[in-house]
Structures are given as structure tokens and as C-alpha cells.
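Once you've had a glance at the structure underneath, I'll fire off some questions.
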């Protein structure tokens, strides 16, 4: 994901933690990140023009802008939980954590998804809480 | 899940089988129940007010009422299959079984989900039939 | 919709009310039924083999069987509300009414959909309650 | 919607605009609010215990808490747009506006929904922009 | 929607009919196109960078490429019907018609959506058939 | 799946590769096919009339007809990716491959699903690319 299309009003957010630190803290996160890296290699090799464009657009959506990046990551988390995609939930939980979001903030975002999306969200919430437990352990 | 909010018109249904009996009869059911128990421990520890309220509301929805509890469990099964949530399907198949629902009744409920939700339901139906096979084996 | 494929174990349910009675009681129901009749004329004229097969399969799913037809109509209502299709909700509310389902039973089925599907179901529930109000008025 | 269950850590957000001011500024908003009020009367009259519980839970989800209420309204907007519910979108656009959210912030939230949910969100985005145009007109 | 990012391997498809001809043939199509034009004016005025990028990406997806444009429009139709978006269905039915797709081909694409997506697709199929009836009338 | 209901206008497509050849080429495909065969045995044993009817209808939908079978398989792939069903995606990727669809054609179909369905499709796209990598390896 390149950032060459970032406009003047948007900039990369400042991470509090690196992917490496996340992987060291949480086994679930490490497993997710490793698996994604491996699978993305196939996608990168294919070098599909529209896929690359979509990845770029996706990246730019979560930059600092009118809304702080951390709230947009939490919005991505809510959307992912409502649409019930475990990989997407893991991604946004980890990105939010990296941006300094607290556990209480993550839980409140998940509560929005739970109320909007209903009990069908519960199994995904359970797995998200397991990841939260590892990331925010003392 | 407490039941302190149960109203006068609604009461706990009488189970024919306990979770323990279900787990002894079906390995798939035991695996599901054990995994859920383990994951719910994280959720319980978090002690999130709104999550507890949602769990309570969810519990009360399936009590005996104007509709017999067993038909509401089957409705939960249909909803879960249409929204394609394997964990939710397992939960409602097991609860229906515990309330004395026959295999033929479970299959007819799944048929409603199949016709309303389409072929996208088929992979979930296959896994549900595997669970039905274990639960209703002679 | 022909019923030539009905098997020996399944039979047409006995309606308490006709479509005509429903249309006389509720303006919302009449509007829905008229609009569907008009639109189905285009579909019938097209005489598409697979569409006819699907309509037939759909019809047979809700016949009396291991489960009473009225509970399968309510399952169709739950599925429709979870998947948020107003026309489908109207159809199953009306069919359930025709089979003698009480208003309290309809509300409990909608409650299952509300809890499983979340607040996103609420706008559809509001419109369903408007139809229930007309159908079950004294 | 009563607020008697609000916990000590959560409180009602301070609105910048009342529903009345919103209805005076935007015809689309007034139409939505009037229609909802009319339909909710049927729901209120039914006095269904679980529906009232769900409304209460829904209300409490968006209170000031670990996350500012305005960001939770925007999360509700993202969820509504991803799940493609026009009434829910209108509700959260209006609530966000009432809490002082800027137009640029609303657009960025909708962008998250667009990227997560895809082009299927576009027709709903178009209608949301029409409402934004009226609410934020000079 | 600009086409400046069209790559060397992709080119604009050759339409058999213009939007104007479509609007003259079908009142439903004209109503849809007029309404979309009006609503898009608000979106264009907002000049949101990411929305414009998404529109561009969306446009490029349906160009002539490894797959003929007409089959990609029909794939867009199938996706729209499965995700149950009437505006999206109208768009892809019209674009397919403009590219010379026959009515029989449109019906077969809709059949794929019906079988994959289930009876919940039927109300959308009925409305699509109404549009097909106008577009393909003698 | 019997084909006794195939109409005169529709016929079985000619496969370039057998299931056996697919399983020998790709470990992911073999795993998917073996697992499906095993699970379908339970379904077959149940001998549910409506399930068999649905399987038959499903089979007939993808036959050669007004549209070449290969494009209908790709439409099934787009629908499956939009509705995010990994098993359904694997099935249609394999069927398309068996009918001689090129990798570039599969990627373009997946691009339609990505744009219509949004970033929530990405994790499924990654897994589809892994399968494509095995099937189309030199």
C-alpha cells in the first residue's frame, strides 16, 4: 500500500505501537498478521491494477483528516462487526490499539455494533474480546 | 445470564436434555459448548454493562410466552441460517434439541432458511446436518 | 403457483381468512396485494422456467408438515425481518394472519428478529406494527 | 425512551440543536421525523415489553461515555450505511448534526462506510448527501 | 466520472443505445436516470476527494477487459440483486441493455441471483421484470 | 444432483478438467472437495425432499443457456464474494476453472465483487487468490 495519493489535508497517523510490538504482545494478533502477510503475497504477485487502486483508496480512508484517525479505525471496527468479518475486526482492533485507543473505547465501539447488528454479532464480539484481552493485558 | 427480569407472562422452558447430556451425545456440540464457555469467560470478566443488558434481553426473548419456546428457538435457527452464522446455528440447533424438537422439525426450519436465504445457506446447512446427525443418532 | 409437486406428507394449510377479506380489513394489505398482483403479471408473462420452479419450491416450503404451517409462516417473517425486506415482511404477516396467528404471536416472532438482527430491524418493525394495527383492529 | 437505567458513568449528551430546529431547517428531516413519530405511536400503543427494553438499550448505547457521544452517532451512521438502511442513516445524520458534528466529519464517516461497504452504498450516500445539503445550508 | 485512469488494456465499451434513447423507451428508466442525475448534483458539488476516487474506480471496473463489458455489467446486476439494491439493479439492467444484452440473457443473470440469494430476491426481481418489460417491448 | 429436469434449451456444459484433475493440481481444492463430499453424505442420507429440489434447481441454473455456462459460474463467484461465503467462492472458482475460464477472467470477476461489496470482500479475495495461485500454477 503506497501513500503517494495522500492529499495535502490528510496525513499518516502517528502510531503508538508498531506491528512488531503488537505481535509480541498478542499471539492472536501475531497469527492474524502473519497469515495476512502470507496471503497478501499472492495478491501482490498478481499485480492487479484495480486491486492496487482499491488498496490505496482503502488506505487513504483512514488517514488523519476532519476526523481523527483513531475514530475512523473504530468506525471501521463497527462496520466490520456489523458485517461480521472476523479478519476485518482483528485488523481494526489492532490498528485502533496501535493508535492509542483504550480498551474502554474499543468496547463502546463494539457495543454500537452489537446494538445495531444484533445478537448475530455476539460470536464475533466474543472473539474480539479474546484479542482485546491479550492486547490490553497488564 | 440472570433471569431476574422475567415478566409474569414469560417463564423458563423445561429442557428435556441438559447441556451435559448434549455434550456427551455429540462431539461437535461439546466442542462448540466448550469453546463458547471459554470465550464467554473473557466477556464476563470485562463486565460491560451494555453487553450484560444485551445478554439478558437475548435470554428473555426465547422464554415460554405467546409462542412456545421451542418454536422461538427454531425461529432463531432460521434467522441464524439466513444471516449465515455457524455458531448461532449450532446454538439454536442444540437449544431446540434440548427442548424436545424432532429432527424432522429442525429440517423443516432449515428449509425455510434455505428458500428465503438461497444457495448461500447450503454450506451452513451441510454443517448443521452434521450436527443433527450426531444429536439424533440412535 | 401450482401445487402438483406437493408430496403425500405435506398439504395445503386451511386459511381462516381469504386474501379478499384481508384486503377489506387493511388498506396497507390491499395496497401490497394489488401491487404484487400487478408486478407478478410481468413475471408470469415472461414464463421463465427456473423462476416458476423457484416459485413452486417456495410455495411447498410453507405447507403443513412436520411443523404446522403457521409456525413456518412466522419463521418466514423472522427471516424477512432479519434480512430487512418490507415486501417479504408484509407477505408473511398477512399469511400468518390468514392462518389464525394471534397478534401476540406475531409480536413475539418480530422480537426474535429484533434481537437477532439488531436496531437495523426497527424501521421495518415500525412498518410491520402499522400493518398489524390494521389487521388486528377490533 | 426512558433513561432510568443510565449508569453513573454515562450521561445524556448536550444537543446544539433541537428536533424542532432540525425540522425547520430541512424538509427531508421534517418528513423523516414526522413519519417516525407517527409510526412509533403504533409501537408505543402495543406496549411490548421486549421492544421497550430494546429501545432503552439502544438509547443508552449512544450516551456520553468512554467515547464522546458524537463519535458514537457517527459510528451508528457508518453501521447504518454499511447495512444500507435509509431511515437509520437519516436518524444518525440528524443526531450527529444536533450534537455539533461538522459536514466534513459526516462526509468522512460516510467515506468509511463507502469503502467498507462498496458501491452498493452509493445510492444511500446520494440520499444522505441530499439531507446533508439541507442541514448544512448557509 | 472521468476516464483518465483507464489503462492501456481496458477501454470504454461501445454502447448500442444512449441514455437518452433508454429514457425515451422506458418511463421507469427515465425516472431512475432523472432522479440519479438530480441526486448526483449534490455529490458533485461536495467535491469529496475519496468519493471521486471511488466513482473513478467503479467506472473502470466495468470497462472492456479480459471479460467483455456486457458480462461484467450482468455480474454487477447479479451482485446488486443478491445484495438487494433496487437502484443498483436498475443501473445494471439499463447498462446491460445499452450494451446490447438480450432479455433472455438478463433473465438468466437474474436467475443466478435468485438461486444464490433466495426468495428474498423475489420482490426486487419483480421490479426488475417491470423495467425489462418496458426496455424490451416491441 | 440429477439432471432429469433439464429443459430442451439447456444442456450440461463441457468441462475442460475433471474434479479429479482439479484435486491433483491444488491441495486447497482437494481439501474443499473432500470436505464437501463428506458433508454432503449426511445431507444425502437425510433424503429431504425440498433440499433435493433446491439442489436440482441450483444445478440447472448454471447450465449452458442464453448465457454461456462459464459466465454464469463467474456470476455465481461474484454473488458468493459479495455475500462473503468462502465455500461458495471456492466452488465457483473451481467450476469456472473446469470450464476453461482464464485467471485474468477470474480476477476481473472478483474485481466486480470487490467494488460492489467493498473492503469487507478483501479477506475472501485473499483466500480466493491463494486458490487461483494453485489452480493456475505452471
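In order of appearance the chains are A, B, C, D, E and F, and numbering begins at 1 in each one.
Keep this in mind: a residue touches a chain if its C-beta (ideal position, glycine included) is under 8 Å from a C-beta of that chain, and two chains touch if they have at least 3 such contacts.
Worth saying up front: this structure is predicted, and the values here are computed from it rather than measured.
Enquirer: Tell me, which chains sit next to both chain A and chain D?
Expert: Common contact partners of chain A and chain D, which must touch each of the two, are B, C, E, F.
Enquirer: Can you compute the centre-to-centre distance for chain A and chain F, using the mean CA position of each chain? Integer Å is fine.
Expert: A distance of 30 Å separates the two centres.
Enquirer: By the touch rule stated above, which residues of chain F touch at least two different other chains?
Expert: Touching at least two other chains: 50, 54, 57-58, 61, 79-80, 82-83, 88, 107, 111, 114-117, 119-120.
Enquirer: Think of each chain as a node with edges to the chains it touches; is that a line, ring, star, complete or other?
Expert: Graph shape here is complete: every pair of chains touches.
Enquirer: Which positions of chain B touch chain F when the two form their complex?
Expert: On the chain B side, the touching residues are 84, 107, 111, 114-115, 119-120, 122-123, 125-127, 129-130, 132-133.
Enquirer: Using the touch definition up top, name the residues of chain E that touch chain A in the complex.
Expert: 5, 7, 49-50, 53-54, 57, 60-61
Enquirer: Which bits of chain B are touching chain C when the two form their complex?
Expert: 57-58, 61-62, 65-67, 71-72, 74-76, 78-80, 82-83, 88, 102, 104-105, 107-109, 111-113, 115-117
Enquirer: Quick one: in the complex, what on chain A touches chain F?
Expert: Residue positions touching the partner: 36, 39-40, 42-43, 45-46, 48, 50-51, 54, 58, 79-80, 83, 85, 87-88.
Enquirer: In the complex, go through chain D and note every residue touching chain F.
Expert: Contacts found on chain D: 82, 114-121.
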